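Chain naming follows the written order as A, B, C, D, E, F, G and H, and within any one chain the residues start at number 1.
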Amino acid sequence: MNPDNLKKLLESLSDGQVSVDQALERLATLPYEDLDIACLDHHRQLRQGAPETILGASKTAIQMITIVAAMLRRDSNVLITRLDEDKAAQLLAEYPQGVYDSEARTFSLIQNPIEITGLGKILVVCAGTSDLPVAREAAETARMLGNEVEELVDVGVAGIHRLFDRLDLLRSAAVVIVVAGMEGALPSVIGGLVASPVIAVPTSVGYGASFGGIAALLGMLNSCASGVTVVNIDNGFGAACAAARINRRNSS
Amino acid sequence: MNPDNLKKLLESLSDGQVSVDQALERLATLPYEDLDIACLDHHRQLRQGAPETILGASKTAIQMITIVAAMLRRDSNVLITRLDEDKAAQLLAEYPQGVYDSEARTFSLIQNPIEITGLGKILVVCAGTSDLPVAREAAETARMLGNEVEELVDVGVAGIHRLFDRLDLLRSAAVVIVVAGMEGALPSVIGGLVASPVIAVPTSVGYGASFGGIAALLGMLNSCASGVTVVNIDNGFGAACAAARINRRNSS
Amino acid sequence: MNPDNLKKLLESLSDGQVSVDQALERLATLPYEDLDIACLDHHRQLRQGAPETILGASKTAIQMITIVAAMLRRDSNVLITRLDEDKAAQLLAEYPQGVYDSEARTFSLIQNPIEITGLGKILVVCAGTSDLPVAREAAETARMLGNEVEELVDVGVAGIHRLFDRLDLLRSAAVVIVVAGMEGALPSVIGGLVASPVIAVPTSVGYGASFGGIAALLGMLNSCASGVTVVNIDNGFGAACAAARINRRNSS
Amino acid sequence: MNPDNLKKLLESLSDGQVSVDQALERLATLPYEDLDIACLDHHRQLRQGAPETILGASKTAIQMITIVAAMLRRDSNVLITRLDEDKAAQLLAEYPQGVYDSEARTFSLIQNPIEITGLGKILVVCAGTSDLPVAREAAETARMLGNEVEELVDVGVAGIHRLFDRLDLLRSAAVVIVVAGMEGALPSVIGGLVASPVIAVPTSVGYGASFGGIAALLGMLNSCASGVTVVNIDNGFGAACAAARINRRNSS
Amino acid sequence: MNPDNLKKLLESLSDGQVSVDQALERLATLPYEDLDIACLDHHRQLRQGAPETILGASKTAIQMITIVAAMLRRDSNVLITRLDEDKAAQLLAEYPQGVYDSEARTFSLIQNPIEITGLGKILVVCAGTSDLPVAREAAETARMLGNEVEELVDVGVAGIHRLFDRLDLLRSAAVVIVVAGMEGALPSVIGGLVASPVIAVPTSVGYGASFGGIAALLGMLNSCASGVTVVNIDNGFGAACAAARINRRNSS
Amino acid sequence: MNPDNLKKLLESLSDGQVSVDQALERLATLPYEDLDIACLDHHRQLRQGAPETILGASKTAIQMITIVAAMLRRDSNVLITRLDEDKAAQLLAEYPQGVYDSEARTFSLIQNPIEITGLGKILVVCAGTSDLPVAREAAETARMLGNEVEELVDVGVAGIHRLFDRLDLLRSAAVVIVVAGMEGALPSVIGGLVASPVIAVPTSVGYGASFGGIAALLGMLNSCASGVTVVNIDNGFGAACAAARINRRNSS
Amino acid sequence: MNPDNLKKLLESLSDGQVSVDQALERLATLPYEDLDIACLDHHRQLRQGAPETILGASKTAIQMITIVAAMLRRDSNVLITRLDEDKAAQLLAEYPQGVYDSEARTFSLIQNPIEITGLGKILVVCAGTSDLPVAREAAETARMLGNEVEELVDVGVAGIHRLFDRLDLLRSAAVVIVVAGMEGALPSVIGGLVASPVIAVPTSVGYGASFGGIAALLGMLNSCASGVTVVNIDNGFGAACAAARINRRNSS
Amino acid sequence: MNPDNLKKLLESLSDGQVSVDQALERLATLPYEDLDIACLDHHRQLRQGAPETILGASKTAIQMITIVAAMLRRDSNVLITRLDEDKAAQLLAEYPQGVYDSEARTFSLIQNPIEITGLGKILVVCAGTSDLPVAREAAETARMLGNEVEELVDVGVAGIHRLFDRLDLLRSAAVVIVVAGMEGALPSVIGGLVASPVIAVPTSVGYGASFGGIAALLGMLNSCASGVTVVNIDNGFGAACAAARINRRNSS
């Protein structure tokens, strides 16, 4: 809000053209609406049935049950990520209408049907079966954020022909999320085959000098395919959020 | 291309239903068209006047002059990045029609007018004046790739109010590239303020425990703002390529 | 104690101007008082009811019970940090008058009422609920050291507006301890908003490339806000000790 | 600024009790004054003759001459840090009234006499002569920020007796900045000897496994003396800013 | 396959010189045979009774039982590596004809007798008894891949004379796999004693600054004996695959 | 040599069955022949015209001239690696019959024609033109060691089709050396396409998070293609030595 | 053994001047005695009642029971280090005459009284109670190796006066082993106070940026006290072996 | 000095049994003599002609000339290490009686003949010619400290037989300093061959994954030969100081 606009607003108030309440509303909303949107377009998401999310890893079941209760009161859909089986059991006991995906390690509770608002299809590709939990977290999150999602599993670099058999699918996606551990080369290959945005997710799959995903992370950051971007190790959730930002771009 | 389709094609050729040239075209394009596109949508870019690019850092001036000559024969626009002043002087001596931007360290030679094909505006934000070279490389690359670009300089986290004064600009962008060194916190703040895709570029600006950009890189990978993606340290070029992928999404 | 003073003292003794006991006292206190004070102003703290502290992590319950017994004989208040629930139960069985804070993981046993000796208020801010244990350890320690403490929870960088709503509180503190994991950007923002000393505490909260708090630590060390200082990862205790040093400055 | 206050202000404007300009000023200053203060209490410093500072390392002489010109127009004192001799010569040619300290690598230009506003004395201690540039940067910065500063040089851990000879000096300081390279043990020892705040500055002095200051940095972060805080490697400037924050605490 | 050859093939088909099936065979084999062979010469191995392999570490027993079932239907031999005892018990309950080697942590199920196809002997040397699991994994894998294997245990660098007593054995091998933890010096010594290929396998054996095998890995990468190659930490399986590639070289 | 054999030999000498010279020869050759061979089959190489090699990086021109003189007296061929242009000029001034390859940075001086003794062809593949110096060092070394060598340049992962066009060449090699920087993915892809031994050489090409070749090194160590082995960063010489060991295997 | 000597020996045998057995003895002892001594002066130790040692960490109880049985047959004393309580119980059940020290985590079985052969006293100093297990391992090992050992506990850098009270003890030692975690500064201080050899042992005690002992290790490697040497993290055993080497020096 | 002794001394003074000067002397020497000795037995060294040393790397020629002047006034011998040729030239111009060793990079100026006070011989072994500067620094320092020194060059692990030819020399040394870069395996081998103290010095020789000496450092810390101790990378000076401590042990 630049000074000119602010001055005009105050003059209108002084002149009686706008009421105190109107001025208050506008003033309150200018900086605050801006800021309120911080949680990744919070309001719009609520209108569209998008979820509120909780990172389950560092919270107790009790804490999460409390938070979910508050979310339900706000009539939100709920998505919990990184939820282990023990805590999931306690949440399901409390909220039997929720669904726990043991592979994705997500708990979702849908109060309002999810409306597909993403413009295109988000494709989640993963290199090996060991990368599946991260890929599934990405897919589940992207779906909860209102996107059409397709998954393509087990197309590693050492068996490239399986990838070439699916070029049509790769090319049909609006955004491609590529999940890979070990040397993390898959995003480079896919980045060379498609023109759409490619988001690389390194996983902690591997052993020895994979260093819990650092090898894959470095491989992806140094990709020879221009324009591949990267998120944190095992961060399927973040990749899906990034894909969702891209996939609703026109609405901005 | 599955075996059934392949067999049908060959039977049609054997039957005379398709000509040798038609079969050749189909066979050639299936795997090869797929692959030929590897260089990030090479053909379409050529049609649109997009550049061919050279990473200047590890090449001699002689090598680059040779490569540029070949590009010019293909009627391409040319973009060289990471070009120091000495080599730039040699290139300009050979190709006086080129332009060297000493801040972005880019050399560009435009034979065909650049057509704006990007759907929205790409905004390049940088935290400090020391981050300018990387920001300028991103901006120059994005422009050469056919995008409208705007730059916003010197809006660091320790002086957040300068950022809030430009919220309208931030919100108007289709994609935001955020360039920052030191602790790399700016993308987190911006990621919380806009709903559009945010690409974070860590820079090697800093000293001591910044470790040549690692601190900023880690900060960005661990951003608490969901959906921020990251490219390699100082990789303004890569960030622009990623932004361009996003900004032409609808054309896929 | 320079040689001249020493010689004068000895001459006074030789002359009978001071007694053996007086000389002994002075000699004993010069180097030794200096050194005796090593444990962070041990004597003064005892006079003021400040605690003796134990790092519980690497000690057995038996060892701690023995140490606490000795402390109680010295009439000290006792503070144990990094105490897990199992050991806490054993300590409480032995010392039911003690209090265990399961979130801060501290055990405190107050024999002498704690006198507020700190000059101002110490504010402990933390970014997320996952950072709470470290923040609580800092708050509990600061209180035991004789300071007024206030806590401000869950004001992360991605939702900056919540921070701006509390500017008065931030500004009212004599010292601000800022606890944050992930990218560790919060101290930079707060360091830009207040003029008082800011002590940053990185936490091991996060995953993947957070590397157990290294990302946050590096972010804080490279803060663009001048004059932010840092303590070890998860070291809420150390931050409180530093804040207490600052907050009693005038008494030196 | 809470909603109640905002409403009252708007009602006063609506009632004619305050003018548009008065309301504008108050509104502008509330959030903005907060934010304007970002540069470490900018306004107060200007009133007191405190400097504006430039990090010289990553700027050209031309850029700095331009920035200094603007500062002089604002009637500020100027402090440039990390300035090498070549650039210093160019600045001195332009501003002969400035002073270059080749050891501290600082350029200072004082238009308004520096008023001592710090409450106590800041003591800068350094372990070896090789640490002197960083210690001098800290001392020079602290002086420019309005503090009384004393320096104590070459009191390393391997010759502890030299340290004990200066205990009175150590104890007389309101804040102690300890600068050390190699294993960085000096702050631990001093932290055990004084009760005042101790700020540790690791330096990049050393070789081999000192890793450009990492060994010293880690040593300081893991100090067994409670309440020692740390700044970035070689960051004498930052340590002085932190000391200045502490030393004016009562004025908040 | 260059375009000329492709055109000729299609013309021959169009002319009736080759049949559809012949053309199909040639076309299918060119790119696809190339690619199909990706799994390290899959077809030839099947003909020779070589195993299909599963990395057991990141799979559940249920997943592995399913995969083994599919392998058995393809009449393959099966090798599972990194299999812990619990999962092994479940596999043995399902497939009692399999064999679990608790030291090598491998499960093997041989349906077709293994034909020795390797040209020479593969020797697996290990430095200490703690390195045995990795050495055994290498030996077991190499045997399953159709090689004659011999093992030489506990010949460390600090007791070099034990090594010299076995020079004849060392020299008789076609390929030597050297497994060592701690400082990883054994491959350097052996690399200086034999002229045959030496493959070094660092192990995670050690403590402290061995960093889970990094010390051994770096030692091997920096070997002063020219021509030693290295695989990932603890990767006995990969070393055996590399040795098998070398040992069948003539068949290419 | 076990004690029994030794005793028999001495008894034969004592009995006059063997002469002193015969005994001397056998005794001398047992441990010593073994050891003398340390320099990678030194004697055989000399007979075959293979070179003696010098690592030029850390030696002065004077030192190298002295060493070369000694080598020439032994009638050896000479190979110097890592030789910069300045030192090369001094060596050429002294030994004009030598040849300096400025790209490979090798100096070779052939006194005895090199006999091709390798069994098959060694293929050196590199991903980008920036990797050429390392690839050329490997090729030149392999040639000097008596091998037929072919080079394949600029077949990166992001443009995989160029690789598929050269499958025949890849398959025709007895050993493949793959040189790649950045993410180092090329060996994984090639390892999946050929059945012969693959030696991966990471290069220090790249910037930012490539960390001077660490990203490529980790990528290669974690290759998903089984049986790829790795040498040190930029170690073209070592890769050639390893390839030569493999390529003369039958001669052992 | 140079060729001349060898020839003379053989000639003497041939001439009948020495017998086969004499020649055998000389030949056997030259290279082999050299090598046989590899296990740190194995034979002499046995004569003196020194122990054979086992690193217990990576062995099963069964394995160790077997090894101990063999040692007992050789009439050796036995020392097992890094032995956890469970395995210790099994060893004690088998060898009740052994002694388990749960703090040092050592198992010792003395068949032959230990003769004190060390020339002076070995002093083991440790900084904190948490460092005790490593200090005790060092002390126990040094005693088993035939040395007089004294221990000095809990004399940290932050409370230096406790150290000064024990200067006489420090000065009386022939070798000082200093065990410390956290910042590892104690060896620097002690190295400055004594003229005898100082061996520093970093421990993994600490948290956060202590990185499992790396901070202490780096601190010790960078010690400003000249002539301090370092062993691996937590390697009390190795420090004792080094001290024993020094303490028997005259016997060489 | 315990309180009882102190009281007795004071009583004696009070009684007139000792004079003020006698008391002063005793008091002054107790803590201070202890501390004064900090610089590694400073006084004794001066009496024996041992040098005062300067680390030349981080000092200017001017600074060193000043320091040397002071040393000469104290009649000391002088040793400067890490001195490059330019500064050496300036020192030689000022002090032509000094000697510069360009390989060891040391400057020595001997005013008082060096008396051999070390008990035995210190042997400095180095693996390759590239390690020579560090080995020479160690040898030169050890000589200046009053020891007999012998050097053994170029006995690397890959050519172990050269080492075995010198076993007599290795065994004759009282202390062995082993200098090695690359994988740093030489100290392990030598540690297995001799019973005397072995001090390992990693050098920064190597490239790629040698990481400036880290590979060698880690190799040495993880040595399988018990009782090898380590100093910092390239720290020949420190190794010599440690050897000197060991070699004068009996004098304590």
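The rule we apply is simple: contacts are C-beta pairs under 8 Å (C-beta built on N, C-alpha and C of every residue); 3 or more make two chains touch, one makes a residue touch a chain.
Quick caveat, the model's predicted, so the values are computed rather than measured.
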Chain E reached from chain B - shortest hop count over touching chains: 1
Same-interface partner of B-C, chosen from the options E-F, A-F or B-E, over half of the pairs matching: A-F
Shared interface numbering between chain F and chain A [over half = same, under half = different]: same
Chain D and chain G: spacing of chain centres that average the CA atoms, whole Å: 49
Inter-centroid spacing, chain H versus chain D (mean Cα positions, whole Å): 39
Geometric centre distance via CA averages, chain F-chain D, whole Å: 55
Residue numbers of chain C (touch at least two other chains): 31, 34-35, 38-39, 158-160, 164, 191-193, 208-210, 214, 217, 221-222, 225-226, 232-233
All pairs of touching chains, each written as two labels joined by a dash: A-B, A-C, A-D, A-E, A-F, B-C, B-D, B-E, B-F, C-D, C-G, C-H, D-G, D-H, E-F, E-G, E-H, F-G, F-H, G-H
Of all residues in chain G, those that touch chain C in their complex: 129-130, 158-161, 164, 205, 207-210
Chain C partner contacts - residues on chain B that touch it in the complex: 127-128, 156-160, 182-185, 188-189, 191-193, 206, 208-211, 214-216, 218-226
Residue numbers on chain G that touch chain E, as the complex places them: 31-32, 34-36, 38-39, 55, 57-59, 63, 82, 202, 204, 212-214, 217, 232-235
Residues on chain G engaged by chain H in the complex (per definition of touch): 1-2, 31, 34-35, 37-41, 44, 53, 119-120, 164-165, 167, 171, 174-175, 191-193, 195-199, 217, 221-222, 225-233, 237-239, 241-246, 248-250, 252
Residues of chain C touching chain H in the complex: 3, 6-7, 10-11, 13-14, 16, 19-20, 23-24, 27-28, 31
